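Below is a structure I'd like to ask you about.
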Amino acid sequence: MPAKPTPYWDYIKVEQLLSLQTGIGDGPLGNDETMFIVVHQIDELWFKLILREMVTVRDLFARAHVPEQALASAARGVRRMETIVRQLTSHFELMETMTTRDYLAFRDKLIGASGFQSAGMREIEILMGLPEEDRISLGHEGSYQNALKHHDGSESTALRRVRDRLADTPTLRDAVLAWVFRTPIQGSAPSGADDAARVRAFIEAYLGTQQRAVERVLEASRAQAHTLSEADVKRLEARAIGEIASARGYLLAEELPEAERPRASRIRAALVFIESYREVPLLAWPREVIDALTSFEQAFVIFRQRHARMVERMIGRRTGTGGSAGVDYLDSTALRYRVFRELWAVRTLLVRAQDLPPLEHADFYGFAGG
Amino acid sequence: MPAKPTPYWDYIKVEQLLSLQTGIGDGPLGNDETMFIVVHQIDELWFKLILREMVTVRDLFARAHVPEQALASAARGVRRMETIVRQLTSHFELMETMTTRDYLAFRDKLIGASGFQSAGMREIEILMGLPEEDRISLGHEGSYQNALKHHDGSESTALRRVRDRLADTPTLRDAVLAWVFRTPIQGSAPSGADDAARVRAFIEAYLGTQQRAVERVLEASRAQAHTLSEADVKRLEARAIGEIASARGYLLAEELPEAERPRASRIRAALVFIESYREVPLLAWPREVIDALTSFEQAFVIFRQRHARMVERMIGRRTGTGGSAGVDYLDSTALRYRVFRELWAVRTLLVRAQDLPPLEHADFYGFAGG
Amino acid sequence: MPAKPTPYWDYIKVEQLLSLQTGIGDGPLGNDETMFIVVHQIDELWFKLILREMVTVRDLFARAHVPEQALASAARGVRRMETIVRQLTSHFELMETMTTRDYLAFRDKLIGASGFQSAGMREIEILMGLPEEDRISLGHEGSYQNALKHHDGSESTALRRVRDRLADTPTLRDAVLAWVFRTPIQGSAPSGADDAARVRAFIEAYLGTQQRAVERVLEASRAQAHTLSEADVKRLEARAIGEIASARGYLLAEELPEAERPRASRIRAALVFIESYREVPLLAWPREVIDALTSFEQAFVIFRQRHARMVERMIGRRTGTGGSAGVDYLDSTALRYRVFRELWAVRTLLVRAQDLPPLEHADFYGFAGG
Amino acid sequence: MPAKPTPYWDYIKVEQLLSLQTGIGDGPLGNDETMFIVVHQIDELWFKLILREMVTVRDLFARAHVPEQALASAARGVRRMETIVRQLTSHFELMETMTTRDYLAFRDKLIGASGFQSAGMREIEILMGLPEEDRISLGHEGSYQNALKHHDGSESTALRRVRDRLADTPTLRDAVLAWVFRTPIQGSAPSGADDAARVRAFIEAYLGTQQRAVERVLEASRAQAHTLSEADVKRLEARAIGEIASARGYLLAEELPEAERPRASRIRAALVFIESYREVPLLAWPREVIDALTSFEQAFVIFRQRHARMVERMIGRRTGTGGSAGVDYLDSTALRYRVFRELWAVRTLLVRAQDLPPLEHADFYGFAGG
């Protein structure tokens, strides 16, 4: 209890906060530019909150043993991250109350200032686990880190924050996958002597049912003779064969170097396992966490696509202030930047409940007192 | 053009901004409290934007002559204010990701800090034109301005801002109504020698059609004999008579002292006139402005009611940190604080297009080149 | 697998569906009236979905033993109900694209037709468990069921649906509370010989900590000497004493007849217990269910308040087509209709984690294999 | 006034409506499938409303003379269309309360039924004016109309509706552009003898200012020497030259056959003119209409992208029930289907207010009585 009460304005630091919208130069700012600055400031504040929640969730999953009772709060943390991303997404509608002509009135001043210089956004991507090699170039040479240097080439605080974040490992992705890797599959833990064989048996049983599901759909599609030409049928057959082969290749991680396959394969099988038997108590919260992460990344993609729509509406197809290709660049990153690729990929392989292989060791997954 | 480009972080003042979430005392803050602080900071930033737009719109309508071509931009300014209020409203969903138990973990620190100490919110109410005498007491003695004093009773910056705003007249309400007052009604301007008579003629014609509309509805209701008892019918009749009398009383401003009636009556007639003949070019933008203001105030009421729901969910019915009665207080202000009362009141009097008195001097309301 | 594929239009019954917007009489309908009809049809469809989910959740909790693994899906069902209520709420914005004047163009036709005649809405209230005696009269004599009779007084299908629903027991409220009643408190089940004593011990321990929390807040408020008069301090003290007494009265269910107290008291204690120790695995899903129900009812209140705002905007304060007092009636039901009163009431009593009495028999609440 | 009042359930046709969710076959439906059917039914109802509004707006702009006082209501109609598209977009969140596994439980039944068989969606695209040649093939041979045939190849009602709509001309796009074509530019109407020369003079003046704006931005970018390599600077220069050339090519419609250029060029110049001088009374409502159409198409693109996200979340990357390539197909149509290309294209050319050529004949664009 403080000796004397702190008023709201000191707690929230209202006056300092409201003194930060001065922009560049000495002149007074118009309403449009003030809004432009404020929205970006609010974005940075939301980024800060997302980063804090993400660090907390990451730290939890980075532990050698993740206590089950922490999962509900981890899921809640991820859902909060998603709720904040939705706040960010809703800003675009506000920005669009500014017309192109009015934005252009102050855009010249921003030539050197671009949203690409937001350390917060870069930190989120880094901490989530976006691989550096997946980044799409901004349209001019040099890495995105160059955009964070001072005019004279020296290091900015923004660049330092980004570099610190690159060193702040593991990423959320790595931490979560390390935890997923340890999921008991059909009652078998990675430490078990016969774990590899038992996981493989689960994978084979699962692939069998997945194959039958694809074939069933193909059969039904063939029945639509009237709308399909022979070439159509051939194409559908080829696609079905492809889906069956992809499922196998994916669950066995065949696209990876041999040494990395067992771990990747176990992670993918665990994701299928959690989603398939999600009702059993021990899997219910892991499933919530996985679902929350999927939902969070989905919200992030929606945010990126909505961003592209706002930019297209505001300035059309002209070159971005950061020198990028503008709208096309934003649409590309929305579709190509994806961190939790395994979470998305397994959705293609899921089958309906009645086709699942039976769950083994069901009692292992229950409650003590339930 | 600046001599050297300003980077994003200087333009947005990112580092200063992100250093303001320290709360009270020395210890590190948890995620919940950081979110609590950030959301309130963002609220204050949104308030600032609303105030800026409101000043601009107020200044426009405070002019002796409001140029017609400024109305589209005024309407856009008010719509922006509404969009910001929706942003504010969406924060509650985020706040609710914090549980009661977790909020209580730091609530003690806030005893002296209350949302009632937000100068921004008070300034919005004042600038809009909420009459001081309509304010509902916070639950303890003394005016809301007392809550803005320092611990030792001295004046805070917050209090100074509120007092400055009280002196910053006219209010938006007064400025808008002064402009509405000058609306040509059936081609007659307030400066016209026979304006009072022509306005009165319009009012009488309008009241005649309103009376017939109420009677028509009553007749139709009477036809539902089966679900109505005799007492029901009597009650509906009494209500119809009341609606007819209210309409007359309202348009003639009979509840006011005699000296104030002509002006108030002309304003109310003008609002009915604008809404009724809104298609004619000269009235189309005034009608947009009126509609935008109505929509803005509606959004504000929705914000207040949603606020009450969030507080009820977070802390139930306990006493607020500001010492107020909590949820009930918030629900009361939502229903009773209303600034543009005339705009809401005329909605009760409107009639369908086919029943309107004919528009006189229609050419006066058209385009030069159209 | 069907012998031949069913096309989309037969599956969705598109043509039948699109033939139902004919309104009353023979003439073609305008866009506004068509929208008005369609929105109400969509409302009815959403109501149907809510009712189906609610029946499923009710059936689950009506079972003598609710399997733990069904709780995640029950929580998801309730969250879906909430998501649908949000859809309903978003319709009002669309309705408001119609102006008062344009609504009035066809309103006369609707004198005999009122939203109060929606069986779906009444069924939702009944199945949730709104007590009949809590209903606020529509403004004319006779129960809400009268409004569901045909013109000639005979029974309509709508009335039959409402009566069937009244017979369809238990309500969701009763089913959920029966399940909450069985919650193990500090390891003690209702069937235990000493359960009453152990529950009472928990309640007393909890009330002790609640009392200290209220006193702590009072102490801190007193420190704000500058803004408080002596009368203010007295009022705060009285309120604190009231909060302490209320908490005791509530947890011991003292407002009820003696015979009903033990059961009600155990339910209320269980709600406090679940929320307080929500992290332990056995309580994590019950807590999710409780939270989802709270969130659902909150969404419903928001829906009602938003409804009042739309009606006020569309027709002002005139009498509703159903003969009700219109906006005031809607605002009253929003604030007074509350089904899960216990869920809301306990929020007032919660304390921060560090003040909780220690959890006993923690192992009982854990996982078998965790 | 009807002889006897019609109750709500007859007006809304509640019972018929609620009998249409039977799906395929005889068995009872689960909640998930019922929701799936209901959401698609609601989609069809929203489509119907969009089509009705679109026909009304199209009919207005198809007139040889569009009365100025109809523009506010046209803008409101388009904004209503947008609001409905937002309703459609919000359904995806509800659909996502269904898990992949639960959707798969009934997906087999839908092999022959695909959203591609929604006549309503196709009609909207057709009436808006999506060129047939811009359509992306569904992934199998034959046009999208084939998907609307019955199993035995005969014509369905859906196909008939689509063909009727193809014959229902002009499209919204054509009607609007015909109206835009007639916009007075610098006081000159298309019927004026020297209109071509005066429009060309406006275009040249405008291109001059646009060129200076591009050069100014390039200059400022060059000042950022530290982050740019020589190759970067060359790329920016090339892009600037390209932007200047594109602007000229676009406003002169150089990509079109010579015969079509004058009309297209005048339309494009008119769009630039309206947006640039939007404050003058005669242009204020045209600008609102243009802005509403842009906003509507933006909402439609957002709807398509959100649709892709929902499908990806529900079924991953598997083949769609209509035999399409699924998510990739949906993402492609979102980015490539664009109807009001001119409205989007001019955004790239706009300049700030202070750089605009002076408005000529300003009095022509004012009010008679203003």
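A, B, C and D label the chains in the order they appear, each numbered from 1.
We take it that a residue touches a chain if its C-beta (ideal position, glycine included) is under 8 Å from a C-beta of that chain, and two chains touch if they have at least 3 such contacts.
Just so it is clear, the model here is predicted, and its values are computed rather than measured.
A.B. asks: Using each chain's Cα centroid, which is most distant from the centroid of subunit D?
C.D. replies: Relative to subunit D, the chain whose C-alpha centre sits farthest away is C.
A.B. asks: Report which of A-D and A-C is connected by more C-beta pairs in contact.
C.D. replies: If we tally the C-beta pairs in contact for A-D and A-C, the bigger total goes to A-D.
A.B. asks: Starting from the mean Cα coordinates of subunit A and subunit C, work out the distance between those two points in Å.
C.D. replies: So the centroids are 34 Å from each other.
A.B. asks: So, what's the distance in Å between the C-alpha centres of subunit D and subunit C?
C.D. replies: 40
A.B. asks: Can you compute the centre-to-centre distance for subunit A and subunit D, using the mean CA position of each chain? Integer Å is fine.
C.D. replies: 30
A.B. asks: Which subunit B residues reach two or more other chains?
C.D. replies: If we look for residues of subunit B contacting two or more partner chains, we find 1, 4-5, 108, 111-112, 150-151, 216, 220, 223-224.
A.B. asks: Residues of subunit D touching subunit C in their complex?
C.D. replies: 1-2, 4-18, 20-25, 31, 34-35, 37-38, 40-42, 44-46, 48-49, 52-53, 56, 76-77, 79-80, 83-84, 86-87, 90-91, 93-94, 97, 108-120, 150-151, 156-158
A.B. asks: Which residues of subunit A touch subunit C in the complex?
C.D. replies: 1, 4-5, 68-73, 184, 216, 219-220, 223-224, 278-282, 284-285, 287-288, 363-370
A.B. asks: Can you list the subunit C residues touching subunit B in their complex?
C.D. replies: 96, 99-102, 104-105, 107-108, 111-112, 139-142, 146-147, 149-153, 213, 216-217, 220-221, 223-224, 226-229, 231-232, 235-236, 239-240, 243, 275-276, 294-295, 298, 301-302, 305-306, 309, 312-319, 323, 331, 335, 344-354
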